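We call the chains A, B, C, D and E, going by the order they appear; numbering starts again at 1 in every chain.
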């Protein structure tokens, strides 16, 4: 329900510079993920949006109004903390009711209803009278989530809200979040370390690295067209292979260190030093007898069973290449395999 | 109804005070008298601190504090003529009026208290304190206590000193310290006689009686060298609206009946010549013109002037 | 800015109270410390105190007794508070009650209790005598030991409760983590609980120290007139000999001395870890 | 206690606790003993058994009067000093005010200055500006003395508090005062409780300020006891003290039954 | 380096029964995952193994010795807490050195080396002198991990050690853990809510549900042959479809509520009420024109982009069926699709 504009935000803790000029506009009603490696500044940015942290430089606006110096309680936000920050002296119910009480939303019985509904949403309706310390880690996390969503604020800030939940519950919660978001049109900023989560839930993904924004875009865009080697490596855990790029009549070709040649997506300029980006799930493994269309032969070094999928680490000369195969392809360590790469998915980024 | 605020000394003293003085006075004049229980030193400090808005009308002192109070203008002078009992008082009782102090309404004689069951022999003289027979069973009183101060001045005098020259006293007491306990309050005195096997102590006659009433075998002996005394005064507080009534109250305390009551109940010696006492009581107080003339009085002004330095020197002497 | 206003509003009543009802009255009193007999300015009262070995002796006794008392209180209070924090709430409540019970009696009365126990022929000397340690006339009354015993009893609740409040808030999981890392119970107590309880220990010691420095009833009754402490000396000067100027000078010395000595302490306590 | 404390250690711990309790309670047992003694003066072991000293308390209404005065005063002081002290402690804890260190020193001073000086000073100032002293003078005096206790114990507890909680409350729209009321204060409870108890006790046991600020109608229990002891000590003072201890235990037991104060001593 | 035997362990908190008789033997040197939904008792079980919690009934042995009443410090374990439990008054370095100090391992300088090595392992060597509260959530988690692995204990207990880390870091940490485990032969018990993690890392997976052990087995076994409907639903987030089972000459057949018939894996008994288990990744979607081999037609209800994969929710009558397709199949909500299921992967569990 509110646009959020960050303007050149810089933040330092003493001599440690944490954010180096973050500018970002989040349209009203968007669902935005902040994605990035551990320690890159996601939480710090979220805290700045919430008004919990002073900016060293820069400013921010919510719904057009400069809120750089507006205290958190006047920003009409709700935030879920990475460490939950449940109030230890209040029961689960009282914790969840707290924002309603503070914001004077509805009568006592309306509040009770909303609290119960929020607790049902996170599947904790039956534990409403427990104290926080009597809950398991995942249950505490869900209480924190319920507390954040109970009061339909203008802006919802979630810091790794689902990190301690099992896959099933996490899916359920994702569905609930999306529904809530749609129903109320909240502007939601969501920190996660899980890319599938980021890609699946959000309208826009903000990829951060070391206090800077690396790339902003729709999930498909970020996934399909990473702009930096960091982005491609981080999203989809792609392999980054140092290559030389040459040109032929039919298009560009990458020359691997071991001499193999691979046709790559069109539009790549010839150069001496570049990186070939091969996403793990784009690599196809076939028995070595098969004719390889665009690819090379390699040896399986390790195999890791992931359930639905299998991760192989392949060796090609000095290179190690990871790939994710569907659970049905079965090769063993030591097996030679034929590796093929769809031309359209083999991208080049300058080193 | 007119109201007076006075101080009294608490406990049994205050009970008797009410019975003998306060209640009869209230009845007689149809006024209200309220009591603050305050020991002389505290009362004086309190009076001094609230000089701007005093709450006492009559203030009683037992340790010579009236000298300071008069000097600092905390109390008003009374003329002997203003007191109906003034003419009957012994001269020492009105001596302070000229300095702006109140009259003496009772006297506590200082002598030796001893435990008649346990002490090996009955003391007769102040000098007996140094008798090795009492070794380790002597109780001395701190000079911050007025009984202690007068007791010390007496010992000093026995040893040949005077107020200006306390050296003999200090030297002599120094010899006693190793075999005695030093206390500073009356309850401690009782504690020592009741529990800690004390045999002998220079202290006041009235307190000997209190101890006896509490069931302890304590006797009071007037030292042969003389009997110093503590003089209890009733003073008129300055800057109070009701001074006439206050004077009446003071006068009332001086009446022979009241004084006889004090002697009978608590063994304070009377200051009114007209007081009549039973024989048993008379024996246990300083009674009669002749006995009274034997009472010694150290010059209150000189005592007051020397007090601070005596106390300090004493403290240094006894400090371990 | 608004934060400051908020804090000012929070501290305001306290500041106002102390300014009007404490600073103002004592300024008048403490001013006396530099007023001479003739009304002029003087340092004679300070000089009298500071140049006299008797008074310096009193100061020394006050300080070392206070330090000793404070240390004993902390040493007993910390384990006690820990135990209290870790037992079930019902038992904790009654332990607290027992510990604070001494405070519900008048200081004078409870000191009389000690006088009975420690005096000549009292329970403690009597036991010692029966055991053959001491002579028949042995008494603990009017000794520094008596002062320490009496003061520790009075101040123990202050230290213990201050520490208890902090220990109660220590996350138990830290203790557990320490145990899983091979720290024995004692090692955990020393390396985890003790440092985390430090704010409480500091606060409790602060209370115990300042209280023992400024108390006079218990030291006077148990130590007797022959073992004076500074507060008793001030009390005597104020009421017995009415030397208010001297009393004021002693108070200034006490106040300034203790505040200076405690400055690092005050800074330390209340600061978050790290 | 954490699981896995060796038995020997448990034993040692309880030995320590027991010894400490014996030490702390010993003089109180003497006092209780004296209070039922037949003998007139304070001596131990008690001779005979008699409840007459207890009866004596209720015969003279001085004690009853002093007790009610003291209770009224102590309750008032506890409430006000706790509120004022909590505010000051929170402000000191935040260290955002300029001169926090100085303030901390100021808030500690009443503890260090012998109360006699303060008592005289307060009496002089009050007499000179307000006039004759009253209950309110004593209330203010006791508040000043009690304040440092509340502040110190509360500060200690705050030092370990989780800073995220207040932040979380802010994001949930809690205003400044709501935050203090609902988040900060509940966190301070153990310290506040100790501080409030100290405040109560200080006021209830304070004798010096009360000595100077008394009026005929304004005599607190300690002053009454002091008066009794000063002139004719008898076991009534012991009886009063015993009564107070008994009352404390009894009241706490009752309140615990009814309200479960165990909750307030934490879980 | 030590066998761990749990024998009928029952645990209650007051009136709340949390574990209902857990028996489990973990062989020396095994890497075991505890997997289960939030609040099922994983942390509690781990705490009992560590000796932090008294058992209500039952007992446990480590290396043959009954340790039910042995205090934690004498069990030679290391545990990483779900909430990290970093000591707030110690720097990162001191925190990690703590177990070495307490166990008196090596000299001061050896300890320093090991601490530094452990910190490098979790990629935090540069933050050794920070205090815990100056770290981000993921950094704190890694300090806790470093502290757990620094002292090579007999038994390593990890409670959701990687939940706050991004995919790349998490993979790195997994590799380190496996390597550490191999090198030292530690017995490792590992709580995770992430099945891929559980399946990929462990020798044995212990699946828990509501205080009971649901199934114990090797990853492939658990994945391929879930024994209960809970197990199948939880692992691989399978669809559970109520069916009737009939028999034909060629084998068993499941009849869906909407009447469609699917051949299922052999060995299923005919019955009126059963569940057909369809794993999300086993379901194949094809354009509706395609001839369906073993399957049915359905409509796409929602599509969620997950990066490498796409999740579709399909509708068939009243049924909702989730499936995970590779990122290349593109259908839109509303499209009819042909759904096919490999016979061998369509399992029946009695209801």
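The criterion applied here is as follows: a contact is a pair of C-beta atoms (placed from the backbone, for glycine too) under 8 Å apart; a residue touches a chain by one contact, two chains touch by 3 or more.
Note that the coordinates shown come from a computational prediction; the quantities given were computed from them, not determined experimentally.
Relative to the C-alpha centre of subunit A, the farthest chain centre belongs to B. Between subunit A and subunit E the CA-based rotation angle works out to 180°, given as a multiple of 5. Rounded to whole angstrom, the centroid-to-centroid distance between subunit C and subunit E, based on C-alpha atoms, equals 56 Å. We define each chain's centre as the mean of its Cα atoms; on that basis subunit B and subunit C are separated by 37 Å. Rounded to whole angstrom, the centroid-to-centroid distance between subunit A and subunit E, based on C-alpha atoms, equals 21 Å.
Distance between subunit C and subunit D, defined via averaged C-alpha coordinates, is recorded as 15 Å. Contact with two or more other chains is made by residues 112, 116, 122, 176, 179, 185, 196, 238-239 of subunit C.
Shown for subunit B are the residues that touch two or more other chains, namely 42, 45, 191, 195. Residues of subunit A in contact with at least two other chains: 71, 83. Listing the residues of subunit B that touch subunit D in their complex gives 5, 9-14, 34-39, 42, 45-46, 49-55, 185-187, 190-191, 194-195, 210, 213-216. Per the touch definition, subunit D reaches subunit A in the complex via residues 162, 164-165, 167-176, 178-179, 182-183, 186-187, 189.
Chain contact summary for the complex, subunit C toward subunit E: residues 171, 173-174, 176-185, 187, 191-192, 195-196, 273-274. Interface residues of subunit A, counted against subunit D in their complex, comprise 47, 50-52, 71-73, 76-79, 81, 83, 85, 87-90, 98-99, 102-103, 147, 151, 157.
Note for the complex: subunit E touches subunit A at residues 13, 16, 35-39, 42-44, 82-83, 134-139, 141-142, 159-160, 163-171, 193-196, 199-200, 219-220, 223, 233-237, 279-281, 304-309, 311, 324, 326-327.
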